[in-house]
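In order of appearance the chains are A, B, C and D, and numbering begins at 1 in each one.
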Amino acid sequence: MSEIICPYCGSTNTIDALTCLSCNKSLYDDVETPAGLPQQDGMEWLNTFRGLESDSNASPSTAEPGSESADAESEVPEWLARIRARKVEEAPPPEEEPLEPDELPSFINQDADLPDWIKEIKSGDIPQPLEENTDNIPDWLKSLAGEDNLPSPPAPSAMPGISLPDIPNDLPVEGLDEFNFEALTEKASPIGPVDLPVDTSELPDDLFDDIPADQPPSAPDIDRPDLDWLDERIETGIPRGGPLAQPLDELEWLNPPTTKQTELSPSTEEPEPAEPAQLPDWMFESVEPTADEIAESAKFDFAAPGSSLPGSGDEELISPLQEEGLPDWLLDDEAAPLVPGTEYLPEGSSDIEEAQMPGWLHAMRPVEAAAPNLIASEEENRIEASGPLAGYQGVLPGHGVVTHYSKPPVYSARMQVTDKQRIYATLFETLIADETRVGAPAAANTTTPQLVLRLVVGLLMVIALLGVLILQPGFAVFPTLVPPESVAFYDTVQTLTAAATPPRVLVALDYDPSLSGELRTISTSVLEDWMAGNSGLAFVSISPTGPALAAELVTAAAVQSPAYISAERVINLGYLPGGASALAALANDPTRTAPTTMDGLSAWDSLLLQGMTAVSDFDAILLLTDNTENSRAWIEQVKPAAGNAPLLVISSAQVAPALQPYVQSGQITGMVAGFMGGAAYEQLTQSPSGPVRGYWDAYQGGMLLIAALMFIGAVVFGIKKFVRRNKKA
Amino acid sequence: MRAPLSTAIAIGAGIITLLGLFIPVEPITSLRGRLIEWAVLLAGVAGLVAIVHLLSVHWRKMTARRNKNIPSAFLLIAFALTFAAGMVLKPGHPSMQKIVTHIQVPIEASLMGVLAVTLTVAAIRLFQRRSGWMSFLFAVSAFVFLIIGSGLLSSSANIPVLKDILAAVNALPVAGARGILIGIALGSLTTGLRVLLGTDRPYSG
Amino acid sequence: MITILGVLGLGVVFLAAGLMIILRMTGKDRGQPAFRKIAAFDDLKKSIGLAVENGTRIHITLGKASLAQPFNPSALAGLAALDRIAQISSISDRPPIASSGDGGLTLLSQDTLHAAYRSVHAPELYDPGRGRLTGITPMSYIAGTLPIAADEDVSAHVMIGNFGPEIALVTEAADNAGAFSLAASDSLPAQAALFASAQQPIIGEELFAAPTYLEANRGHAASLQTQDILRWGVIAIIIGGALLKMVGVL
Amino acid sequence: MAPDLLWTFIAFFLTILVLSYVMGDNALFRLVMMVFVGISAGYAAVLIFYQVLMPRLITPLVTTPLAANTALVIPAVLGVLLLFKLSPRLSILGNPSMALLTGVGAAVAIGGAVTGTLFGQISGTISPFELSGLSSAGSVISQLFGGIVLLAGTVCSLAYFHFGARKKNGENTGSQPVLIQILARIGQIFIAITLGALFAGVLAASLAALIERLDFLINVLKPLIS
C-alpha cells in the first residue's frame, strides 16, 4: 500500500491519512483547499485517476473560471493602487519590508488553486527568499526610485516557472507585439512557478536569457501583481483587447528597461558565468516546486561550479531540457530561419527586419539555437586563404570552431535535494504507481497461474465427483438432525394428503433451467407424496421456461406413482407474463389472469378447478423457487390472498438464507432448501431410494472438498501475504 | 427541459400506479391495473424489438468486412430454426418443450456446474485478491456454512446442544440479510422516486 | 379499501419525495454534501480514466430485471451510472458498451447513451449497437456477455443491476482478460458470489450510490442523503417498535 | 435413431461442450453459447408472441369490435411506436412508450420496496419481542436474546451503509462520527456472516447442478459401455 511520510516526524502513514498517526500533525497542514469549490463536471475524476485527488479542486485548470476572474478583479486594484501610490509619492516601495503571507498577492494566496506539493513549497520556503531578496533590493531600488518612468525596476531575476510558453497558444501573436514581453519576463517573481499549472522543467531556458548579468537580483514581489493579473487573464482566457487592454496600457512604462536591454551589445563572446555564491537563494528555491525538477536535479546541479544560472549570462545558459522536451511550436521556431533580435545580430545581418521578431518570441528563443548559427554566418562569409581550398567561401574551419565553443558545462550528477523534496518525490512516485496499478491489475500478471489453478481445481472436482457417483462408496451419513422448517413442511404435506378430500394445490414454478437439476431432485419426493394422496396440482409459472419444466417434473414424479392419473389431476396454467407484477393480478383474480391451460383449454371449467375463483380456494400453495426477488413477491402478494392456505417452499440452497426471515416470521409455513433440505425430507419420509439419497455421497464429498480447498487457499495465500509483508517491513 | 411529453407520461403513469397501490379506490385501482397491463404488453414488445436488435448486431458481426464473427451465424441459424418451429408448432408442443428440456436445461445446468468450479477458485483466491477482516469473516462464515450445509454435523444427533447451536448459527445470517434488504428497499424507494420526480429520465434518448 | 398500511406507505413515499426535493434545493447553497469514501468507486474512476487514455473500452452491464418487475431499481441505478460513464468517457476513442438481459432495459440503455452523448454535444458518437441485448433469459444473458469480456478489448467492467450468482462467470472472464471489474447487485446470492469473485464488489445499497459517486447531478446526492435520513428513521422505528412490543403496547 | 435418443445425445454433447469450459475458454464452448443465445431468444420470441401479444392485444383487437376495446388502442399505438426504436433516426418516437414503461416500473418498484420489504422486514425484526404468549422464563430469555441479536444485527448492518461523512472546513473528510463507526464495524460482522452463508448456499446449489449433470453423463454412457 502507498504511504505518506510525515514531514514533521518522518513516520509513515497510509495514503489516505490526513493527519500523522505518530505526531498527530496534519500531513497537509499548509494545504488549504477552499471549501465549496465548484467541481467542474466530469473532470474531477481525471485528477483522481492521476492520483491527485486532493489536488483536483486545487488545480487551476479545474477551478471555476468565473470565480477566478472575480478574484483577479478584486486583487488588481490593490497592486495598482500600490504602484500608483509609489509613482505619486516616490516613496520607498512597501515591498522592501518582508511580506507577510497575508499580504502576498492573490496568486500566492490562492492556495486553493495549487497542487499540494506546490503549496508546501510555497508556504514553507517562499517567505524566506522574499526576506533575503528584500534585503538585497534597496540598492538598486533606490537607484531606480529616481527614475520617474520606472516605478518598478527591471528585475534581472528570470522567471523559471512563468507560464509564458502558454501565451502564444492563448493569445494572438500580433496582440503581443503591442507590449514587450521581455519586460514582464524580467519582472517576474521567483515565486511565480507556484502559480502555474505547467511544469517549469518544460520551459525553454531562454526565458532567462535576457537578464543582464550585471544587474543584481531584484525584489520580485514588486512586480508580482502584474504577473498576477496576467496569469489570471491567460488562464481564464479573457480575450485580449478587452479587459487585457487596460493593463497592457498601464504596462507601457515597462518599455524603457526593455529598450535599455536591447541596447546591450550582443555578444558571441564567452559570457562570464556568475558565481553561485553571488546568487540569491530564491533562485534555487524557485526551482524546488515541481516534482519534475526534483528528478531533473539528479543530472543537473544549479549550484555546481561551472554551471550557469538563470540570469547569469546571455548565451551560456544551462538547459536541462532536451529538445524533445520542448513544445512543438518552440521547435518550429528553432528550425525556422534565424530571425534574431537586433542585439544578437552580427555585422552583415542587419538587413533582417527587426519588426518581424515579436518580443515574446525573442525572449524565449533558445540561445543554443542562435549561437551556432552566428558562427555559421561568420563561416559562410569567411574566405579560405590558404591550402587547396584557397579562395573558396564557406569552408569549414579547421581550428576556428574550437575557439568559438566553450568547454561544455559539467553537470553534476549529484542530487541536491532537501528532505521535503525527497518526500514529495516519493509521494509523486507513489501516485504514479497508484495510477498504473488500476486497469493493469495484478490479474494480468497472474493470469497463467490462475488458469492453471482453475484447471487443477476443475479437474479435481470433476474427477472426484465422477468417481464418487460411479463407485457410490456410501461414506456419507444421511442427516438425522432435521431443520424445523423441513419438519413443518413434512407435517403440512402429511396432514393435507391424509384428509378425506384430496387437496388441490397451486404449484408455483419459478426457477430457471440452470437450477432445474437441484430443484427437480429435491421436489420429486415431495410431488410423489402429493401424488400418493391423489392431490390435484395446478402449475403456474412466471418464468418463460416454467411450463416445460413443470411437464418434465410431473413426468419424473409420476414414474413412482403409477396409480396417479396426471391427465386428470394435473393442470398446467402456463406462463404468466409480467413476472412479479403479474402475481398481484393472480392474487386478485386467478381466473382472469390465467384463464387457459397450455393447450388453450379453459382452465377453470376443468374438473380439477371447477368452482374455484380465488387463490384462497386452494388447499395449499407450493412454491418452487431459485430466486429471492420472485419469492418475496409470492410471499408478499399472493400469500395474503391465500387466506389460511399454507405456503410451502422448495428452494434452491442459494436462496435459503435470504428466505429465512420469512420462515421466522411465519409467512412461510414450511421450507425444504437445497439437497440438505431434500435429504431431511427423505429422512422424514423414510424413503429408502429417494433421488437425494443417490447423490448424497457426491454432495457431501463435494462440499467438504470445496471447504478443504478453500481452507488450503486461505492458508497458502494468507502465509504468502504475511511473508511478503514481513519482507517489505 | 428534455423530453417534456415523455417525462409527463412517466410521472403521470407512475403516480397513478403508486396511488392505486396505496389508496385502492376506484377509479384509481382499475386505472392502475390497466397501466400495469399496458406495461406488461409494452415490455413484451420491447423484448421483441430488442431481440431484433440482437439479431441485427450479430448480422453485422457476421457480415463485417474484417474480423468476421462466424459463431454469430450459428446464433442466427439457431434463432431462425427455433422461431420458425415455435411459430408453426406453438409453445405448448412437446417438441418445443424438448428444446427447453434437452437444450436449454443441459446448457444452463452445465453452466451452473461450471460456476461451482469458478466460485471454488474464487474462494481459494479470496485472500490473494483482498485481505482484511471482512474477507476473513466472510471466509470463516462460508467455511462454517459449507460444513453445516454438507450435513456432516446433522449426522450427529447424539450431541446434546448441537441442534441448538446449529439453530443459533443458522439464525445469524438473518440479521445481516435484513439489514441489507431494508437498505436495498430504501435505495429502491429513492431511485424510483428519482424517476417520478423527473430527475432521472433514462427514456429521453 | 383504504388501509393503515396503505396510508403509512403513502406517507413514507411523500416523506421521501419531500426530503429529496428539499435537500436538492438547499444543496445548491451548501455545495456538494460529504460522503464516506468507497474505494471501489475511486478505483472505478481511475479505471475509466485509464480506459480513456489507453483507448480501451468500458463495459456496463445492467442485469436482467424487467422494467415491469418490482426489483428494477437496481437497473435504473445502473442506467444512471451508464449515463455518467458515457458522458465522462465521451472523449475516448472507444465509447462504452452497455449490455442487458431484458428488452426494455436494452432500449433504455440505448436511450441513455443517446441522451448522454447529446448532453456532451457529441451526438455523432451514438451507436445503437453499443446498447445490446446479450440474451433474453438469465443464463443466456450471461452466455452472451462472456464474449464481450473476452473479445472486445474491454479494460473495465461495471456490473450494476439485478443478476444471479452466475454473474461470477463474467467477473472471472474479466479477470482472465486482465480487466477491472466493479460489481453490484440487489440480489443477495449474487452479492455473495461477487464478494468472492469481483475485483471491487459493492455491497447492498451501495449500488444505488454509484451515480452520486460518479459525480452525477445534485438530485442523486439529495437522494443519497434522503436514504441516510430514512435509514435512521427506520432504525428508530425498529428500536421503538421492539420496546413497545416488549411492553405489550404494539 | 429414436427421437428421444437423439434429444438425449444432443443434451449429452451440449453438456460435455459446456463443461469443457472448466479446462478454459475454447471455440466449441463459444459456439454452444451462441447457439444457446439464439435458441433462447427464438423461444422467448415465440412465447412473447403467443402468450403475451396474441391473447392480450392482437386477438382482442381482431376478434371484438374496436368500441369494446378502446383501452387496448393505447397500448397498441404505444407498441407500434416502440417499433421505431429499431431505427436510430426515428427512435425518438418510441420515447413515450418507454416513458410509460419506466414510470409504471418505478411505481411498482416503490410499492414493492415500501409495502413488501420495508414494512415486512421491520415487522419481522420487531416480532421476536412479542413475549406475551410464552410460558416459561427460559423460553422468554431465549427468544429475547435471539430478538436482541437480530435487532442489533439489523440496526448495525443498516448503519454500516450510512453514506454521510463529516465536513471539515467545508471539505469532505470521508470520516464518520464515532458512534456510526462503531455500529458500522459491528454491522460489517453481520454482513460478512450473511454473505458467507449465502456464498456457501450458492456453492451448494451449483455443486448440486454439477453433480446432476455428471450423473446425467454417467447415465447416458452406462448403457453404451455395458
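In this section, a residue touches a chain if its C-beta (ideal position, glycine included) is under 8 Å from a C-beta of that chain, and two chains touch if they have at least 3 such contacts.
Note that the structure is predicted; figures quoted are calculated from it, not measured.
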item	value
Pair of chains with maximal C-beta contact number	B-D
Chain centroid nearest the full-protein CA centroid	C
Between chain B and chain D, centroid-to-centroid distance (C-alpha), Å	3
Where chain A and chain B are represented by their mean Cα positions, the distance between them in whole Å	31
Cα-centroid distance, chain B relative to chain C, in whole angstrom	14
Centroid distance [mean C-alpha coordinates] between chain D and chain C, Å	15
Interface hub residues of chain A, defined as touching at least two other chains	16, 35-36, 450-451, 454, 458, 461-462, 512-515, 517, 544-545, 574, 577-578, 580-581, 633, 653-655, 657-658, 661, 664, 674, 676, 699, 702-703, 706
Interface hub residues of chain C, defined as touching at least two other chains	6, 9, 12-13, 31-32, 37, 66-71, 73, 76, 104, 107-108, 110-111, 114, 128, 134, 136-137, 139, 143-144, 165-166, 176, 186, 188-189, 191, 193, 195-196, 199, 203-205, 224, 227, 231, 234
Where chain D touches two or more other chains at once, by residue number	19, 22, 30, 33, 36-37, 40-41, 43-45, 47-48, 51-52, 56, 82, 85, 91, 95, 98, 101-102, 104-106, 108-118, 121-122, 124-125, 127, 151, 154-155, 158, 161, 167, 170-171, 173-174, 191, 194-199, 201-207, 209-214
Contact graph of the chains (line, ring, star, complete, other)	complete
Chain C partner contacts - residues on chain B that touch it in the complex	2, 18-19, 21-25, 36, 39-40, 42-43, 46-51, 53-54, 56-57, 60, 104, 107-108, 111-112, 114-115, 118-119, 121-123, 126, 129, 138, 142, 177, 179-184, 186-197, 199-205
Touching residues (chain side chain D, partner chain C) in the complex	25, 30, 33, 36-37, 40-41, 44-45, 82, 85, 88, 91, 94-95, 98, 101-102, 104-106, 108-116, 118-119, 122, 125-127, 129-132, 144, 147, 151, 154-155, 158-159, 161-167, 170-176, 191, 194-199, 201-202, 205-206
Chain A contact footprint on chain D (complex, rising order)	19, 22-24, 43-44, 47-48, 51-52, 55-56, 108, 112, 115-117, 120-121, 123-124, 127-128, 167, 169-171, 173-174, 194, 197-198, 201-215, 218
Parts of chain C lying in touch with chain D, wherever the complex brings them together	5-6, 8-9, 12-13, 31-37, 66-73, 76, 104, 107-108, 110-111, 114, 126, 128, 134-137, 139-140, 143-144, 146-147, 150, 165, 173, 176, 188-189, 191-193, 195-196, 203-206, 209, 212, 224-225, 227-228, 231, 234-235, 237-239, 241-243, 245-246, 248, 250
Of all residues in chain D, those that touch chain B in their complex	7-8, 10-12, 14-15, 18-19, 21-22, 30-53, 56-57, 71, 74-75, 78-79, 82-83, 85-86, 91-92, 95-118, 121-122, 124-125, 146, 149-158, 160-161, 187-207, 209-214, 216
